[in-house]
Amino acid sequence: MTASEEPRNVFKLSRDWLSVQEVVDAVSSASCGAISVFIGTTREDECDGRKVIGLEYEAYELMAQSEFRKLCDDIRARWPTVTHICVHHRLGWVKVSEASVAMAISSPHRHDGQQAIQHCINQLKASVPIWKKEVYDTQEASWKENAE
Amino acid sequence: MTASEEPRNVFKLSRDWLSVQEVVDAVSSASCGAISVFIGTTREDECDGRKVIGLEYEAYELMAQSEFRKLCDDIRARWPTVTHICVHHRLGWVKVSEASVAMAISSPHRHDGQQAIQHCINQLKASVPIWKKEVYDTQEASWKENAE
Amino acid sequence: MADLRVIVLYFAKSAELTGVKEEELVAVPTPISSLELWTLLLQRHPRLRLLQDQVVLAVRQQYVAIGDQVLTLGDGDEEVVDAVSSAS
Amino acid sequence: MADLRVIVLYFAKSAELTGVKEEELVAVPTPISSLELWTLLLQRHPRLRLLQDQVVLAVRQQYVAIGDQVLTLGDGDEEVVDAVSSAS
């Protein structure tokens, strides 16, 4: 790898619309033949007869950054060929069908990256302090486990 | 699902730069919480001391379309919750670090889509008649199995 | 044994239940276990009890389980109380 | 038993070896097995032998293995010969 190819761990919390292209560009590398991407969107859903119209996200930003760094260390220990990792997560109001998280991982070959991206989204939801509140068409709302 | 939510199978062979956003938009759906994406790029590589400077792709276009439809049927039989499938593949000259294939699959929950995208890229390479020729800095070139 | 000033941050449902996002606790005894600290927070905000098993504590950006574990708090430490409701 | 006119398409390395992308074969006997058809193509283009085991045939956009399988060809059928070299 050249100097510009030092492994990158990019994490951004954003109140704006997420750009998939930006996440992909952040991990692209001439030494990588594979970029695995996952996008989580707000799904139109019903809960006890109420319709979900959107989600409200909140984070403990400093701790989210440090938990993300731990997660990256964990991913690189499991899949050493992983080159760059980028996660963008929305905060605040995200209406139905908009992306709340977009993440990309580059690797020389596709298998490692595909395994790593699944681990990344699972662990992001399990350990990074970001909370979501479902908001319903009845004006009600409820905080949810972020595990789904 | 509403009428506009009929499962879509989108396949495009293109001589232009691939847009990840376009592939993602093609599968987005209010009923889906997950979009799994894979991007295959031309990797800077060496082969017998020669440096790969790019790839040249060629397809049997009509048959590629029909093999893609079979692949979509296979994916939907294995993961019935898969909603939309979109694959864009480059033809012609693709230089190092550009995308040769971009694919996206949407599903209500992430697990099915993540399994399906891995199957999709594996089977695309195994069964869809697209060939690639590695072009080296020595002006030499050689046709490759598309399996990698 | 000493008394400390500790900053507590509340997130998500815990902020809704306490009505505050951040507060300062003075005269927190140290050493203190995570369970004793949680009990102290419950005395100030009885509605936090609604969180039951879903509460997560973090001290200096490290998660701590609620139990006998003794916390070594430094003056002015951030202590984070965050919580989610169970998925219904 | 009849003789047919068949269109053969060559792709990738097979097109390089034959020097053509497409050709018309006249008086192709039918029925014919895929192995007999491949032998007929090898007679026209001996360099196709370089493809050895890597050759893939398709008739009417369906892959066919090279062997005893009898092909039912219709007049003017597209027959595709495509091939890749083994990964070195």
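For clarity, chains are labelled A, B, C and D in written order, and residue numbers in each chain start from 1.
Note that contacts are C-beta pairs under 8 Å (C-beta built on N, C-alpha and C of every residue); 3 or more make two chains touch, one makes a residue touch a chain.
The model shown is predicted, which means the values in this text are computed figures rather than measured ones.
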Is the structure still one piece when chain B is ignored, or which groups does it split into?
A, C | D
Farthest CA centroid from chain A: chain D
Please tell me the distance, in whole Å, between the geometric centres of chain B and chain D computed from their C-alpha atoms.
27
Averaged over CA atoms, how far is the centre of chain A from the centre of chain D? Could you give it in whole Å?
49
Chain centre separation (chain C, chain D; CA means) in Å:
75
At least two partner chains per residue is the criterion; list those residues in chain A.
148
Every chain pair meeting the contact rule
A-B, A-C, B-D
Touching residues on chain A, where the partner in the complex is chain C
47-48, 58, 60, 62-63, 66-67, 127, 129, 131, 133, 142-148
Quick check on the complex: what are the chain C residues that touch chain A?
9, 11-13, 16, 54, 56, 58, 61, 63, 80, 82-88
For chain A, which residues are in contact with chain B within the complex?
19-21, 24, 28-45, 96-97, 99, 108-110, 114, 117-118, 121, 148
